[in-house]
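Working notes, structure below.
Chain naming follows the written order as A, B and C, and within any one chain the residues start at number 1.
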Amino acid sequence: MDALLDVRNLRVELPGSQGTVHAVRGLDFQVKRGEMLCLVGESGCGKSMTSLALMGLLPRAAVRSADRLEFDGVDLRGLSPRQMQDLRGNRMAMIFQEPMTSLNPAYTVGNQLCEALRRHRPATRAQARDRAVYLLERAGVPHAPERLRQYPHQLSGGLRQRVMIAMALMCEPSLIIADEPTTALDVTIQAQILRLIRELQTEFGTAVVFITHDLGVVARIADRVAVMYAGEIVETAPVGQLYAQPSHPYTQGLLSCIPVRGRTPPGSRLAAIPGVVPSLVDGIDGCAFRNRCAQARAACAQTPPQVACGTGHIVRCVAVSRALRETRESTV
Amino acid sequence: MTEAQDVVLELRSVSRHYPLKRGLFREPGLIKAVDDVSLRLYRGETLGLVGESGCGKSTLARMLLGLLAPTSGSVLLDGRKVDAQSRLALARRIQPIFQDPYSSLNPRKTVAQIVGLPLYLHGVGAPAERRKTVAAMLELVGLPPRMHDRYPGQLSGGQRQRVAIARALILRPSIVVCDEPTSALDVSVQAQILNLLLDLKAEMGLTYLFISHDLGVVEHLVDRVAVMRQGRIVELESRERLFAAPAHPYTRMLLASALTPEPGLGIPDITKEITA
Amino acid sequence: MTVQISAASASTSAGLAALPNESAWRRRWRRFAGGRGLRLGALLLAVIALAALLAPWLAPHDPYAQDVAHRLIPPVWSSKGSWLHVLGTDKLGRDYLSRLLYGARVSLGIGLAAGAIAGVIGTTMGVLAGYFGGRVDAVISYVITTRLAMPVILVALAMSALIGGSVRVVILLLGLLLWDRFAVVSRSATQQFRHADFVSAARALGGSDAYILLREILPNLSSALTVVMTLEVAHAILLEATLSFLGLGVQPPTPSWGLMVAEGKAYMFFQPWIIMIPGIALAVLVLAINLLGDGLRDAAAPEGRG
């Protein structure tokens, strides 16, 4: 079990004015060393909550629980806030969506980069500066030494994101959690940043949990994909398999409602998923997707089983489990 | 696309410049948000306008709607200059749908009040009639009656966009300027809204100017595409030709950056496109 | 680098479908009734307002009726007091409770009237400056700056000394001096909304500037302006008390809490209730208004961003 990150039955509950919101309802997933796992889902599915839960950055009122929450052999559940602080930015780093607000506008770029290193390692200012310049150059920032003296508002969105990536790498973390890092960027810049993340990941051997809602991005950068819906992972698969053989009805619906050049006839109606996401207040019994699913049946009111339908391909669905059983029985 | 087709909207050498003060002693600079753009919109078509942030597409849209005056050039609606027409007359011909479903609806008004506003402003019908027209329009966009007295804060993004669409169409305009109408929505909701826009176009005989940065969506909806960069239109072509064989290097770069959901193709190296 | 997202925004995005069809008023009421400071402030203010309103029926005596034979009787809790005059009598034998109740009318009345006038003036100026910008904004901002450079109390004193004090003069004076915060707040709020898409949509629909200002932007300013109103009403009440105390505001024999404090100065050591009772009343009133204002500010969040 060479998993860098091992999560079993992760739950996050938030008290709300209408009742308790079950934002994350029993997540199971693993991340291997050096692997790129994409966590994909639409708004409200709990993917951001998951990243905050892993980093220990949930709002104070939130309640996190898990059967297993291990990172590099360390049980995250038992760590004090101080110990989590030592871990964050050091062995586990995070890249956020909005580079304008995640970089402190009052400090120079160099100051923030060096602080990221010196907070965790006994480096001198000169050593920190050298590493900062090195990483900025690797991140494709031109004139790196001069950039150290600039403030975030003097940089474009793409450059700021490169700075964020460099900052995340300062302490050579084994895991980076990237929460929609390219969503706010222009399409051409996005492509460059994604390419950069991929290259750096291969070079430094860092594992990445890449959170996004964009299935196009997922297809191009992921090694494995976990599809989230209403606080749960409904399907996990290697990227090729997910797109070739999507098994969960939600994944299928999601993939078929995106217009794809060459596949969707222009001007035709898109295959939209009917209905809306159910409320997560006070939890959901059974399958959260069943009121929108064409294949729903009575058994879906019970918690759907997890079935394997291929190597590393796991689906949480009653219909899929039935279909597999039937195929198995018919071949016997 | 023959010349005999109606030109419903035309831009002739339209520019929008902003002076940039550069200190006390230097000449003021110029920001050319829109730079000498000429464009024709034909009746019944969907014209796509693509470009990245800062390219001027939103400024262009505002000039089309009469919300912003060009610094030079003219905007013609049905052959007549836009600034010669009254605000109300313009409103009956061309309407917008904006990107942000949160800021495009007044948070202090109910859905029914928002959709009924155009009728009220234009003095169309008695209050009882207006209520019926509003109800019919809301049904057309897929909002059930129980939503009518809700406030925007109680609606989801997709529902708000439906309200915005209902408001835009209740006066039966012929041209709708859609400024990134689905960019802020989830993919599954986007599909619903795009379907709605297609249905309404067919049913009401509309002409769309569809602004977006999402090339997949644009290719699905439009007849022709205009590519905008730094205030200028760099390429204007039919959909088939643009996507099959883009001529301008910037268009090629844009198309290369569009990540289709096809695994195994990796991430394209844009820098190669720039030099190509 | 610690990033916290509020529990509220997280829970709303997940639980949106569960929100029942509540009108905006219900929700505002729920939040309004929520805070403790708010409830206390509202309660105190309600009591005072009621007392002021019902003074003609609640007052046991005529506040102007002098009875020099029974002057300076202490309140009922002192050994020499009686239930005939619950709060005692002042130097001219007038029943203090009645004067207190009628004084509430004067204080609150002047405060609200001056606040209303200041509100209308300030909001109009601020909204016009914020919406039109350019020259209009430059001129109005200049006027606001000029007003801010003036020490309000001195100007009020000087004007009052010139014209002579009375209830009408005080209201007018305060109304013409206290509009600055209204102007500043409404100007910045209008500047924010000016660029909102729903304003562009209203213009694209053919809405005139007047329509947009009155029916689209102004309703969105109401929560911010309510908070300013409570602050300025409190401000006006205190200013009126100051002016009356100095003899330049409400003139005797009209009962004003400020005037009552002034009249009690001479009797501070041996008949302390004459100065204490109106003083405490003033303090309670201002406290109530500030609690209310604070509570309203907390409750005045926008109608949920989904």
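Operating definition for what follows: contacts are C-beta pairs under 8 Å (C-beta built on N, C-alpha and C of every residue); 3 or more make two chains touch, one makes a residue touch a chain.
It should be emphasised that the depicted structure is a prediction, and the values quoted were computed from it without experimental measurement.
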Original post:
Quick one: which pair of chains has the most contacts?
Top reply: A-B
Subject >> Label of the chain whose CA centroid is most distant from the centroid of chain A >> reply: C
Subject >> Centre-of-Cα separation between chain C and chain A, whole angstrom >> reply: 51
Subject >> Mean-CA-position distance for chain C and chain B (Å) >> reply: 46
Original post:
Where the CA atoms of chain A average out and where those of chain B average out, how many Å apart are those spots?
Top reply: 32
Original post:
Tell me, which residues of chain B touch at least two other chains?
Top reply: 156-157
Original post:
Using the touch rule from the top of the page, what residues of chain C touch 2 or more other chains?
Top reply: 16-17, 19
**OP:** Scan chain A for residues touching two or more other chains and write them down.
**Re:** 43, 276
Original post:
Which part of chain C faces chain B closely enough to touch in the complex?
Top reply: 16-17, 19, 21-24, 196-198, 200-208, 211, 216, 219-220, 222, 302-306
Original post:
Which residues of chain A touch chain B in their complex?
Top reply: 42-43, 186-188, 190-192, 194-195, 198, 213-222, 239-240, 242-244, 253-255, 257-261, 264, 266-273, 276
Original post:
Can you name the residues of chain B that touch chain A in the complex?
Top reply: 52-53, 156-158, 186-192, 194-195, 198-199, 213, 215-217, 219-221, 239, 243, 253-254, 256-271
**OP:** Over in the complex, which chain B residues touch chain C? Could you list them?
**Re:** 62, 65-67, 86-88, 90-92, 94-96, 98-100, 102-109, 117-118, 121-122, 146, 149-157, 164, 167-168, 171
